[in-house]
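Multiple structures are listed underneath, in C-alpha cells.
Here chain A shows up in two complexes: once beside chain B, once beside chain C.
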Partner chain A sequence: MTGALAIETEGLSKSYGSMHAVRNLNLAVKPNRITAFLGLNGAGKSTTIKMLLGIVKPTEGSGRVLGKRIDYPVESVELRRDVAFVTEDKNLYGYMTVEQIIRFTRGFFPGWRQDVAEELLRKYELPARRKVRHLSKGMRTKLALLLAVSRRPTLLILDEPSEGLDPRGIEQLLECLVAQCAEGATVFFSSHQIAEIERISDEVCIINRGSLVLDASLDVLRLNWRQVDLVFASLPDRGDFQLAGVERIRTRGQQMSLFASGNVDAIVERARDFHATAIDVSPVGLREIFLQSVEES
Partner chain B sequence: MLWYKAWLETRTRFLISLAGMTALGCYRVWELDRNPEPWYKLDYYYFALRSGHQLITLMWIVAATLLLMGGLLREKALGVSSFTLALPASRRRLMGVRIGTGFGQGLVLAIVPWSAMFVTAALTGQARSIFQAWFSIVLLIGGGAVIAGVALLVSALIEGEYTAPMVSFGFAILCGNAPKSLEFVNPLGLMGGRAYLGGSNMLVRPIPWIHVTANLCVTAILVGISVKIVERRDF
Partner chain C sequence: MLFRLTPSGGQPLYLQLMQQIRHAVETGALRDGDQLPGIRTLAEELVVSPGTVVKAYSELEHEGVLTMHHGSGAFVCANRRTKRLGECVQEARERVDELIQQLRGDGLLDDEIRRLFEASLLGAGKTVGKR
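Right, the complex of A and B next:
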C-alpha cells in the first residue's frame, strides 16, 4: 500500500456470522478527486464506510485513511480529525439546537471555519435556535453538510448525501462537493443517483455483494465503454466474439448486442470477418455500466 | 465539548430529578413534623430517616437509572451513533465523560436533597446531628453506586430506548425483594440502611466503610466491563 492515496484497503472484509457484508475489498481512492461509491442496497457501502472510520471493526484485511491505520484505535481517532462524515440517516442530536450542535462540533476541530459555517447557515436558511429534532430531513442533511464542511476536512465522506433533499438542495450539495474538491479536499461519497454522479465524479467504484467489481475513472469509462449492435445474415456463434473487453453478449434473432469495456476496434473487425450487415457502435452511460457490472458479478 | 454534550443531553432529567427529590424529601419531613403519626413519636430521627431517606432512596434509584441510560447503544437505536463515533474522540473518552457525568449527577442527587431535608428538619428545630445526614448520604452513595453501575452495564449491553431502563428497574425490584439472608450483598440493603435504622440502633453504629468500599469495588468492576464492551462493539 502506498501513502499517497486518500483511502486504501487491502482484503478488507466484514462478516456478521455467516453473512459476508464486505469481502476482500481492495479500494484505492486518489487524493483531491471526487470518487463515487456505487452499489445496490445491501451491497456493503455503508459497512465499508463505517470500517474506514473505525465505527465497525473489520473481520479481516487492513486499510489506511490519509495514511492512518483504520483498525488502530489511536490512529483512527487521529484520522477523524481530518475527515468529515455525513451519515446515511443524517440523524443528529435532537436535544440540541442548531447553534448548540455547531458550537459542540466546532470544539473538536481547531481549523474550524466559522465564516463558512455562518455563510452556509444563511444559504441553507437553517434556524439557529430551533432544536434539531424539529428540523426536516432535508434541513438535517444541510446541517450535517455544514458541520462537515466547516471543519475544513482533508477527506469528506458522505453516505447517500442527496437523500431527502429537494432539487435545489441537491444542486447546493453538488456545488458544495465540487467546491470542496477545488479547495483541495478529497470527496468520497455513496449514492444511488447516477445522474448526480455523472455530473461531478472523477472516479467511480462499484461494489456488489461486498466485493469491488469496478474501479475506474469516469473519463476512462466514457472513452472505452461501448455498446456494439450487430446484424448478421447468419448469426455466428457467441464464442466467436468472446474477445478481450467483451463484458456481455446478447442475441436476438439475427442481431447480436455486445457490451464492451474496450477493444472495440477488434470487435468491429471480427464482426466484419463474419460479414455483419450492420454495425452500430454507441457510447454507454454510467447507468448501463453500473447495471452491467452488478448483473455480471 | 463532550461534557457540554453530556450536560445538554441529561440536564432536563437531572434538574427535574433534583428539584423533585429535594422538594418531596423536604415536604415529607415538614409534613411528618406537623402531623406526626403516634408511632413516629418514638424518635424524630426514626421517622425522618425511615420515611425521608427511603423516599429519597427510591427516587434516587429511578433518577440514577434514567440518567445512566443513553450512551452509544441508545444513540445507535436513534441513528446518531455514527455522528458521535466519527468525531475525533476515543470510545474510552466518550464513556469516561458519560460515566463522570452520570456518577457526578448521582452524587449531587444524593447530597443536595438529603442536605435540604436536614436543613428543613433543623428549621423545625428537631435536627440534632449532621452526622445523621452524612451517614445516610454515605449509605445512599455506597449502595447506589452498584445500582448505577448495573444501569451503565445494561445500557452498554441492551439496545433500545425503553428496554434498557426496564431491565435496570427489574434489577432494582429484584434487589428490593431479595431475602434477608442476602442483605450483605444486596446494594439496596445498604442504601436503605435497614441494618442501621432499626428501632434499637438508630444510626448509632460507625459508618460501615468496609461494606461501602466493597460496593464501590463492585461498581468499578461493572464500569470497567461496560467500557470494554463499548470499546469492542460494532455500531
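Right, the complex of A and C next:
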C-alpha cells in the first residue's frame, strides 16, 4: 500500500435528476497524511464521501479507496472493514447504552483495540450506562469517534466531525486525528472550521459546485500565496499586472491590491518598473484562499 | 523544550518548528546530545500533523543540527557550524539593532520599520528557509 493513493477518483459524478451534486471529480488523497476536504454547504462534500463508502452509487466515473473499487459491491464491502467513518448525523443505535454499543461494535472487528476504547471512554468522560439516544450531540460525536478509532482503521473518514463539540471536545478530536495519523492511518475529513484545518492538515482539497477547485499541500499554500498591496503616483493598467500567479486584482484610487498564488518576485519587480511608491507583501490565510477559490469558480 | 507554532501565518509549520529548534540550539536552551521528543509525542503535544515533525526533523538532520537514531529518536548535534551560526545570529542582531536605530533617527515609526522588514523578507520568497 505504500506509495499508492488512499483515495483516488476519476471523473466521479453524481446527479439527482437535473441537479449535479458532484461533477467530474478527480481526487488523489495520499496515504498516511491528514487531508481536509473543504467546501460551502451543498458543494458536494457529503455526496462525495457517501460515494467513496459505497453508500451512494456514482452516476459516472470511478474511484478506488485503499485500492478497492467503490462501485463493485464485493470490493466495497471489503474496503469497509479497513475504513472507519464518522458521519455528520452520527447514526447510532439509540436504544443501546454506551457500553452495549461498544461491545456490539467490537464483535465485528478482529483488530479491535479494547485498551484504546477504554482509554477514550475515560478521556471523553462518556457515561457508560447511558442510552445513546440520551447523549448530547457532542457526546454522540465522541462515541462515534471512539468506535471508529478502536477498530484501528487504515483510513478514517469524517464528515464535519467538530460539529456540536465544545472547544475542549474539538481539542480532543484534533489530538485523536493526529494520533491516528501517527499510528499510520490516513485521515480524510470535511470541515468548515478553517482554524482547525490549518492546525492539523497536510493537504487541502477544496470543492465548489461539485468540482475540485484546489488541491494543494498547506506548506505550498503558505509559501506561495501572498497579498501584494501597491500604491502608485499614477495607477498602471490592470493588464500590466496580469502575470502568472495573479488570481485577482482590485484597484481603488491610487492603490492596487493583488491576490497571488505565487510568482511574487515577478509581481514586485513589475511594481518597481512602474515606480510603485509603496509595496506591501503580506501572507494570506486559508480562509482568504478558500473564499477566493469558491468565488472565482 | 516548548515550541509554539502559528498556523495562520504565511510560513509552513515545519519551517517554524525548524527555526525554533535551531534557535534553541543557538541560544543554548538545547545542548549537544540533548534528546528531542519523539515524532508522535511532539505532534500530539503541538496538535499538528506528524508529517510536520517528520519534515522538520529530517531537514534539520540534513543540516547537521540533529542526528536521528532509529527507534530512539532525535538528538541535538551542536557542531562547530551550529555554534558559529549562533555567533552569526548574535552579530546580525547587533547590525539589525543599529539599522533600526538609524531608521528611527530618520523619523520612521516602529510599525513602518516592521512592515518594511516583513515586505522585504516576504518578497524575497526564493530565499525563504534556505541557509
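Assume the second predicted complex is superposed on the first by the 294 of 297 C-alpha atoms of A that agree within 3 Å, B and C clash if a C-alpha of one lies under 4 Å from a C-alpha of the other, contacts with A are read in each partner's own complex, and residues count from 1 in each chain.
Assume contacts are C-beta pairs under 8 Å (C-beta built on N, C-alpha and C of every residue); 3 or more make two chains touch, one makes a residue touch a chain.
In this text the structure is predicted, and so the values were computed from the model without any measurement.
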| item | value |
| --- | --- |
| Touched partner set for A:Arg80, first chain B, second chain C, both or neither | first |
| A:Asn26 touches, of chain B and chain C: first, second, both or neither? | neither |
| Which of chain B and chain C A:Leu174 touches, first, second, both or neither | second |
| Touching partner for A:Ile34 - first (chain B), second (chain C), both, neither | second |
| Partner chain(s) touched by A:Thr251 [first = chain B, second = chain C, both, neither] | neither |
| Which of chain B and chain C A:Leu218 touches, first, second, both or neither | second |
| Touched partner set for A:Thr59, first chain B, second chain C, both or neither | neither |
| Footprint of chain A on chain B - complex, ascending | 1, 4-5, 8-9, 12, 78-83, 85-91, 231-232, 234-235 |
| Contact set on chain A toward chain B in their complex | 50, 53-57, 73-74, 77-78, 80-81, 83-85, 87-89, 91-96, 100, 103-105, 107-109, 144 |
| Complex contacts: residues of chain A adjacent to chain C | 32-34, 171, 174-175, 178-179, 181-183, 195, 198-202, 218-219, 222-226, 264-265, 268, 279-286 |
| Interfacial residue positions of chain C with respect to chain A in the complex | 7-14, 39-40, 43-44, 47-52, 55, 115, 118-119, 122-126, 128 |
